[in-house]
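Shared between the two complexes below is chain A, which pairs with chain B and chain C, respectively.
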Partner chain A sequence: MSGDRLKIILSLTSPLLIIITLFFGGIFYGLLQSLGYQPAIQKYDINFDAYYNVMFSERYAKLFWTGLGLNLWVSFVSTFLAAAFALFGALAIRKTFFAKTFCNFIYSLNLPMPHLVVAIGMIFVFSQSGLLARMSSQVGLIGSPSDFPILVKDKYGLGIILTYVWKESAFFFIILMSVLQSLGENFEELAQSLGANKWQRFRYVILPLIMPSLFSASIIVFAFSFGAYEVPALLGISYPQMLPVMAFEFFLNPDLNARSEGMALSIIIAMIVMILVIIYFWLIQSKIRKN
Partner chain B sequence: MNTNLKKINIYAIYLGAFILILPLIAFFINAFSFRWFYPQLVPKELSLQAWVRLKLIPKIDNRSFDNFLELWLSNPTIIKALLNSLTIGLIVTIASIIIALPAARVLGLLNFRFKKIIIFIMISPTILPPIAFVLGLNINFISLGLSGSFFGVCLVHLVPIMPYVVLTMTGIFANYNPDFEHQARTLGANKFKTFYLITLPAIAPGMVVAALFAFLVSWSQYLLTFLIGAGKIMTLPLLVFSTASSGNPALTAALSIVFIFPTILILFFASKFVTGDSSAKYGLGKL
Partner chain C sequence: MSDLKISHLYKNFSGMDRPVVNNVNLNIKAGELVALLGPSGCGKTTILKMITGLFQPDSGDIILDNTSLLPIVTEKRDVVMVFQNYLLFPYMNVNENVGFALKMKGINKDKIDEKVKDMLELVKLPDIGGRKPKQLSGGQQQRVALARALISKPKLLLLDEPLSNLDAHLRDEMRELIITIQQKLKVTTIFVTHDQEEAVLLADKIALIFDGKLQSYAPPKEYYECPINERAARFFGGVNFLKSTINNLNIETEIGLIIYNQKNKNDLLDNHLLAIRPENIKISKDNIFQKNCFSGIITSIIFSGTNTRYKIKIKDTILECSVQSLGIKGISENDKVFIYLPEDKLWGMNE
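Our next item is the complex of A and B:
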């Protein structure tokens, strides 16, 4: 038995070491710096000034709260829309038809695409001189580019949302397809033979069965879109600004005092994600207990 | 009535596919056109100018094999970035598989105390955003002299990759029967031969998927490379980002095509493996 124990310890050491030193070490050091501990500029006292400054000071409060609002709005809307789009796609495609393999491929095409590229694609398609604007002008819907609505680099984060919908719907699609395939059609056929119509079969048979996977995938997408940097950096504007971009700009500020604020922001982002994940697990647990 | 509904259904699928593929169409038009002005839907002139300016293709009058070779060997930024991305991706993929293999075996086959906590620690980077750890880590890396180094960038890429590889391979080992190894050993095979002939073939399909996606995560990493590379390590995503910010659509499109080409290849190969209901596919959300 002790040989086993040694084997376990030896096997787990290196990956754990990487995660603990680099990941948790990084978070811990960021936390220290956010609390004002900055040996680089001879600051050793611990305080909550940076958090206060970011959230309540006259200079940053407006930027922070609008940013938080934008973050929540973008993450919720894009998670919901991506899931809905993928659900429609998966339900429509799962039944065999002659181009099934091809459509399967197209619908999962965005999965391996880097977010950066999808964001650039949104500029090409949705900007005021983009593909869609040109199409509308060809059919006579609009005249000059300025007639086309501002969909990227806009204040509602629409371009960012579009990017996440494009990209994450492929992720939802793959998850849903594999769940639907493993379910088979027995449940539905049973429900149909008992007289359930199409909507009832979806609402009372399919939806409860796919809900757990849909939920887990949603939490991953939500957490990702809440903390990701590239997409809002490329498609966002300076006000309102999403929190990860704001944190990064604080951090790159030549004024070393702003570093603490950047760290505080990144810790706040991580805390919000963590709280949401905990709420999620708590919901799941209570649901399991109820059943 | 029912056939009509089915037809509408199929048209909706095609419409969805068309919408999904629009950005790709835009990439190709932008990359191969010259002065594609609004409101033209199709460009009037096709051109390879963007590719010439990226120094992937020689100027029009001297496109011989030697000129191609000479151009590429002159080490333009794009080739440098491509090579950096490839090398970092390969190193990180191989390293992560080697590090994860014993851990995944233990986690998949054995039960022990603290197993749940260890798994929780291991997968935490998949939930918390990279910006939460990389800002703090950056300052540590500067003081350790790892900032701006190739090694430092490889090291930091391991953080988002490790959980995914460990998780995928744990899943493989959960369905793996180690008794075959005992049989091989009693029949006289040494440790290396047992691994090579028994273990490896059994875990190979899952390992390929883990490796492909590990490579993808490294390949598309922007923030971590930017911060830890400190401007000294240029990879493709960094080049794409800076070109996109500077706003030349043709160059951006051509670069993006170079950037996404391997990812589509990987999807093509991996789609054969990524079927069935495995928990590992949730790692894909991190890409």
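Our next item is the complex of A and C:
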């Protein structure tokens, strides 16, 4: 018995060490750099200059705060839309065998597709020189392709949102389908027999039953889209600019002093996500305690 | 109080080789408590779901108070079904669960609270309104489900296997409660069960269903006294069968000639079965009986607490016979005894 336990602990130790080294080592090293500790360029003192610079200096403050606004906007809107889109899709087709199989297939294809590929697809289809713009000018819907609304590389991040909605709705869809499947239809049938119409069954039965899974999935998607770099890099503009892109540009800067700002910004991004997650768990806990 | 009339109801699911519900006809009077009885898979739940509107029948009609239910959607039928596993909404407390139907009707909160209180008192659970379903025992969940179903005063109450998930001791209690509430509210009720004892104890009338077909629809007593066929008789259990043929005015059985005078005497075909329940056979050590009397050997005696069961071999047939409490003094295994099959307790069946 105790021998088994020892074996388990020993066999877990080495992967655990690797994980701890990579994770906490990375955070620790990043934190140090963000605090200005850069032995490579003979900087050994610890201070919060980089944080101050990023958030409040005349040079970067505007870029940072508009970037933060854009980040929150893109993450909230794309998470919400992806969840809503997947939810209504899943509810609409779950009872029809053919549509269910078809959508499962399409979404299973979508899931492993790299974000970069989807982003390029967005440019190909939705940009002013893209497929839709050309086609609508061909059939005379618009005068010329440049009359097509700016959906990609626009200041509201529409192209980024569109990419995330398409990609992340696949994730939501697959989770929701399995949750709905495991719930079965009994609760809905019961509610119906108690007099609940279609809308009431959605509002008072389906939604509360799937809410826990929907919320957890939303947290994952939100955290991912808040910190991801490649889609905003490809489909975004230089002002306003999303925070991960800004961080990476600091990092690419040949001036090694800018590294501290890049790391500070990365830590800020991580902190914001962490705070949101903590608030979420706190809300859940207090709800449980209330009941 | 509402009358329900089910006529020529059929339902077939694709991929099934025969209809799941096959020409079922039932007339249920207002305020009656009726059992749908049959083995698992015979179509009982399917019938309930057609009455609620969750399934559409292939043909036939369901008429409640002279109006067909078929064109009406489930939520407007005033027919409430209590599902087999209670299905209390896990995210609502007991009060919210019980008040659900009224909330769906848009009734104001004070009024709902008042009614919820009444309903919880009716099911004898006055103090648990604030609890969540998972904090309740199985019996309590069942009561809450019942309260939730009855709060909107449905015209028809459908209970799917209401007792089968409960422990034996809770079952008796719950059964009493269902009868009490049903009589108090006088709601027309159909309940489904696969347990014949439960049906007999609860129902005013029993609809016996095999393979989607209604076998008979009668008060419980008739299933014991004059079952419709061998399968029905066997379903109610503990019956002796004798293969018989018609011999002039009498009936020739494996154990000898029997005088038979029941009302269906002239309907019996040449080859049929006679049934008699063990408790209706009389035994004696002495030859005291006048007619329908046979002699045999006791092959076993079992005392079961409330009665004593004898197996008696007559020619090549073994009949089971039961006598209340300790049985008959001075009879032991391998003794010769005389038995009497009372004319009014024999019942002949063609199938």
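As a convention for this text, the second predicted complex is superposed on the first by the 279 of 291 C-alpha atoms of A that agree within 3 Å, B and C clash if a C-alpha of one lies under 4 Å from a C-alpha of the other, contacts with A are read in each partner's own complex, and residues count from 1 in each chain.
One rule holds for everything that comes next: a residue touches a chain if its C-beta (ideal position, glycine included) is under 8 Å from a C-beta of that chain, and two chains touch if they have at least 3 such contacts.
Bear in mind the structure is a predicted one, so any value in this text is a computation, not a measurement.
The superposed arrangement places chain B and chain C next to each other on chain A without a clash. Contacts of A:42 after superposition: neither chain B nor chain C is touched.
Shared-chain residue A:193: touches chain C; no touch with chain B.
When both complexes are overlaid on chain A, the residue A:122 reaches chain B alone and has no touch with chain C.
Applying the stated contact rule after C-alpha superposition, one finds that A:174 touches chain B and leaves chain C untouched.
Look at A:238: by the touch rule set out above, it reaches neither chain B nor chain C. Counted by residues of chain A touched, the larger count belongs to B, out of chain B and chain C. When both complexes are overlaid on chain A, the residue A:277 reaches chain B alone and has no touch with chain C. In the superposition on chain A, A:19 makes contact with chain B only, not with chain C. With chain A fitted onto itself, chain B and chain C come no nearer than 11 Å, counting C-alpha atoms only.
Overlaid on A, the two complexes show chain B and chain C touching no common residue of chain A.
Every residue of chain C that touches chain A in the complex is listed here, in rising order: 49, 52, 54, 74-77, 79-81, 83, 85, 87, 89-91, 93, 100-101, 103-105, 132, 148-149, 152.
If you check the complex, the residues on chain A that touch chain C are 186-187, 189-197, 200, 204-205, 208-209, 291. Of all residues in chain B, only 9-10, 12-14, 16-17, 20-27, 29-30, 38-41, 99-100, 102-103, 105-107, 110, 112, 118, 121-122, 124-137, 139-140, 155-156, 158-159, 162-163, 166, 216, 219-220, 222-223, 237, 240-241, 244-245, 249, 252-253, 256, 259-260, 263-264, 266-268, 270-271, 274-277, 281-282, 284-287 touch chain A in the complex they form. Listing the residues of chain A that touch chain B in their complex gives 4-5, 7-8, 10-12, 14-16, 18-20, 22-33, 40, 85, 88-89, 92-93, 97, 103-125, 129-135, 137-138, 145, 166, 168-169, 171, 174-175, 178-179, 181-182, 216-217, 219-221, 223-224, 226-230, 233-234, 244, 247-248, 251, 262-263, 266-267, 269-270, 273-274, 277.
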